[in-house]
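Heads up, there are several structures right after this.
Two complexes come next, and they have one chain in common, subunit A, joined by subunit B in the first and subunit C in the second.
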Partner chain A sequence: MAEAAESPGDPGTASPRPLFAGLSDISISQDIPVEGEITIPMRSRIREFDSSTLNESVQNTIMRDLKAVGKKFMHVLYPRKSNTLLRDWDLWGPLILCVTLALMLQRGSVDSEKDGGPQFAEVFVIVWFGAVTITLNSKLLGGNISFFQSLCVLGYCILPLTVAMLVCRLVLLAEPGPINFMVRFFVVIVMFAWSIIASTAFLADSQPPNRKALAVYPVFLFYFVISWMILTFTP
Partner chain B sequence: PEPRPPPLATPSHPGPTSDLSRTPGRCEPDPEFEEATNLLAETPEAATTSRSEQLTPQGHVAVAVGSGDSYGAEDEVEESDKTALLQEEKQQPGFWTFGYYQSFFDVDTWQVLDRIRGSLLPRPGHNFVRHRLRNRPDLYGPFWICATLAFVLAITGNLTLLLAQRRDPSIHYSPQFHKVTVAGVTIYCYAWLVPLALWGFLRWRQGVQERLGPYTFLETVCVYGYSLFVFIPTVVLWLIPVPWLQWLFGVLALALSAAGLVFTLWPVVREDTRLAAAVLLSVVVLLHALLALGCKFYFFQPLPPAHVAPPPRATALPPSILLPPTSPWSVATPDGRSLQAQHERTLLPALPTLRP
Partner chain C sequence: MATTAAPAGGARNGAGPEWGGFEENIQGGGSAVIDMENMDDTSGSSFEDMGELHQRLREEEVDADAAAAEEEDGEFLGMKGFKGQLSRQVADQMWQAGKRQASRAFSLYANIDILRPYFDVEPAQVRSRLLESMIPIKMVNFPQKIAGELYGPLMLVFTLVAILLHGMKTSDTIIREGTLMGTAIGTCFGYWLGVSSFIYFLAYLCNAQITMLQMLALLGYGLFGHCIVLFITYNIHLHALFYLFWLLLGGLSTLRMVAVLVSRTVGPTQRLLLCGTLAALHMLFLLYLHFAYHKVVEGILDTLEGPNIPPMQRVPRDIPAALPAARLPATVLNATAKAVAVTLQSH
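== the complex of A and B ==
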């Protein structure tokens, strides 16, 4: 190989030499050592890693997942353009949020079933089928995001609205009146805006630029419907 | 292989692919495109709008540039591979592939807004399908307009009840979440089943006539979907509790929407016998009117106060309202009893005239 590297560099050669002509002159001789060890240094480390997660205590496993979920919550609460939600997506956070929201939106069964607010199953269906529909829509429009990444982002961005639901429930413990309604209205509006900003911060980059509005509008509708359900909740 | 130069730099770039087949997911064959340009050339009024002329030969290129420029260099290489594949196959992907459905969402924001504007202002000469859709229907508009309309109906209906309760504390307010389901099912069934029936009927009447043939199923769905858009602001305006204003808005919206439908269907239908054309158009308008009226009465009916008779009276009233109403159909009255009395008074004289 050294011969081939040197030969095209010869200055002042009269005859033009074809490229890589020197290769044919190489022969594997005893003076070029072609021996050694091929080891993959990672192998032993990987095996160690596998057995360690199998042998660790349950508390470690759960805490690791909870920490991942908590880290993503922080990313939603302070939305910056970061890749964490997209890179290590998981659906635990959306599940926890959806179940919490659905449980809190449930009324007591005292009221007539027909005229009441959304039942647990209705909230669940709206959240998950809404998220799936929005994801399909953004993929059909030519978006660059994977199915579960999008579900993950949309699910995590329900966090501000779940916080709004908690606040509304606490506020409703006080006496009803216009001030009560205004406080709830204000809180829901702020959290709705926060959800939209958080989700567009993560999702907008993956859409083609002349279709961004088309992909963001369904997200707006989705969070609007959830905000409406939270606002009209009466115990 | 080195990446291709960006499409903007070379309008007539070297390569076997024509501009039409450059865009991924586009499955339109050439003859249909030529027919569209011929039709546009025939109708003189289309030539006056410069935007339409600008769009037709280069509309595809504009979209191609948009989608081509947005991705990085590696995607351009991918795109060139895809277009090479399209060049070889030159047929539509099967309905089981994702690319088939992607071809129905191949619209940009300004295109959707343009189509919505076209449905809001129907003009007698302008056929929605030819001039706005340009024979390229999309599914984005119909689907999301129907979803928006369903949610807006349920939400404003509920809001009306909330406002009524503020005025009259004896009315019992509840979120009425089941109305969302009803609204969704109604709107989607209307926007998809009626175009199916219409398309089937038109196909049956046209027979094998292919030249100025009936619209495809998706074009009909598109026309219906975009024509429902005008109801969204109308429903929001129905929050105002002035009854004659509500009727005015309703009639305006119905007129605009039905006009759009009629102007679109007229070129296809006028070649048929006069009777069939008249019947078809009147059925279309009637169904549209029924939808509007049904929505108004179901989502915006005032619930009677808790201490008076149960609501079945409200469902008996719609037939009487089609005759000139003598009493206003108000959303909320300060006195629930007088509303009941008024209804009794209008119902009894109205019933005999319903017989013929």
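== the complex of A and C ==
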């Protein structure tokens, strides 16, 4: 009400400001590349009102999301300097990979005597707790990457290790022996290196150049623990 | 003045309805869109844009106020005034909700910022500190420097967790309530935080010049020796080797910490109490970590090699009932191979 008394003095100058101030705010906030990631779902939602994905079949929606996840899988398998994985992050891929890995690591332990093997919850907790720890560490070291972007990259980069787990399970179907172990060892080492290379290719740029080693060390530890679990797995 | 202003006023009045409607549409629609978007942003995933968001929300409140004021001094006081009040109320509510979320995110982010100085290190610094943690300096007259940094200690604790997990796995440790991971994390962090707090408390009683942060850094870097010793001896099961490493590496890292503490304490009794406690705890912890998960291996080896074979033999004896007799030799062979594999892996 106090403003009401003041504003009649210059109604002409007062009126355009509220008109365009809000609008310019929107456009600016969408053009800043740093937060472009966050505004993309919003913008697509606005677009969806026009093209109306409400009418499209559920299959189309699911296929579109699956295609996005698949594209990111390809990015991990063939890591190159690209920030698709960073720009539109999602946690579907990591969830799928983590659940697959945990299910495969779950040994069908009928005998409760030897219950030392990795359980589903344990793998799940290691993956997510480890990823969160690495992310916090990289934030503390001064990295300019958002929390979920880093979580997304770390989750997607488990893909080679999941593949290694699949291979290990297939190899374990054959008769056990030193050759069997050597094959598994080789596969796990290669996939471990692949995971490290892929994740550093995506994450290293977000760190200050002189501190890359500090940020990569926990990543190394994280994948090392997971690959070690895969290597020592016996059904 | 009224006469000169009349045409302009008339013109403005004539254009009023459309413009007013248009204005209000834009304003109302605009503010609604902004509000919804802001809600989206805050419920979204990143904390970075909170500062900007906060600012935008504040500006928006000003805008809403201005809009409400403008609408009230307009000609259409009835419906328009009501709508203005409503929009203002909604904006107010939105702003309150946004502010609450923003301040919560802010406080989380501020906590990270508080910790950031302790992680301000270079790789070369960490390397030199790791090496220095094994080199005791005999200088007791002048207080030795302790770097107040948490990156190295935290990473060493995580490394120790990984090594411990490795040791537990190879020794087939069975933990009834809880997971191996939880136990490993609990042991390592419990030791680091618990002993640091305890020694800090003792240091307070003994009047030593040390802060909690320095204590955490000192004890954290002291775990470097533990990491090396455990990593080697979990893979090479030799008691003599372990005792050698225990005395050498564990002793060196303990000596380093003791030297630092001695240099920062005055009075022989206080020094003895403080350093004796720390040295005993640190050395015994390494002993505990090694033997807690080593003994189990020996126990398993005993059951495999010793006279407790009968439970192993029960497996092939039970199977023929369900399987054809031809499979019997293969099963026995399999069981033997498995036992060999287990023995190989545990070594």
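Definition applied: the second predicted complex is superposed on the first by the 179 of 235 C-alpha atoms of A that agree within 3 Å, B and C clash if a C-alpha of one lies under 4 Å from a C-alpha of the other, contacts with A are read in each partner's own complex, and residues count from 1 in each chain.
Keep in mind that, in the parts below, a residue touches a chain if its C-beta (ideal position, glycine included) is under 8 Å from a C-beta of that chain, and two chains touch if they have at least 3 such contacts.
Only a predicted model underlies this, so the values are computations on that prediction, with no experimental measurement involved.
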{"item": "First, second, both or neither for A:209, with subunit B first and subunit C second", "value": "first"}
{"item": "Which of subunit B and subunit C A:74 touches, first, second, both or neither", "value": "neither"}
{"item": "Which of subunit B and subunit C A:177 touches, first, second, both or neither", "value": "second"}
{"item": "First (subunit B), second (subunit C), both or neither touched by A:103", "value": "neither"}
{"item": "First (subunit B), second (subunit C), both or neither touched by A:140", "value": "both"}
{"item": "First (subunit B), second (subunit C), both or neither touched by A:228", "value": "both"}
{"item": "More subunit A residues in contact - subunit B or subunit C", "value": "C"}
{"item": "Touching partner for A:122 - first (subunit B), second (subunit C), both, neither", "value": "both"}
{"item": "Overlap of the subunit B and subunit C footprints on subunit A, listed as residue numbers", "value": "114-116, 119, 122, 137, 139-142, 210-211, 213-214, 217-218, 221, 224-225, 228-229, 232, 234"}
{"item": "Residues of subunit A that touch subunit C when the two form their complex", "value": "1, 3-4, 6-8, 11, 14-15, 17-19, 21-23, 25-26, 29, 34-35, 37-38, 41-42, 89, 113-116, 119, 121-122, 125-126, 133, 136-137, 139-142, 146-148, 175-177, 210-211, 213-214, 217-218, 221, 224-225, 228-229, 232, 234"}
{"item": "Complex contact set, residues of subunit A against subunit B", "value": "111, 114-119, 122, 137, 139-142, 144, 208-214, 217-218, 221, 224-225, 228-229, 232-234"}
{"item": "Subunit C residues touching subunit A - in the complex, by the definition given at the top", "value": "23, 26-27, 30-31, 33-34, 37, 40-41, 44-49, 52, 56, 59-60, 63, 65-70, 72-73, 112, 115-116, 118-123, 126, 151, 154-155, 158-159, 162, 165-166, 168-170, 172-175, 179-181, 337-338, 341, 345"}
{"item": "Interface residues, subunit B side, partner subunit A - complex", "value": "25, 66-67, 70-71, 98, 101-102, 104-110, 112, 140, 144, 147-148, 151, 155, 158, 162, 173-178"}
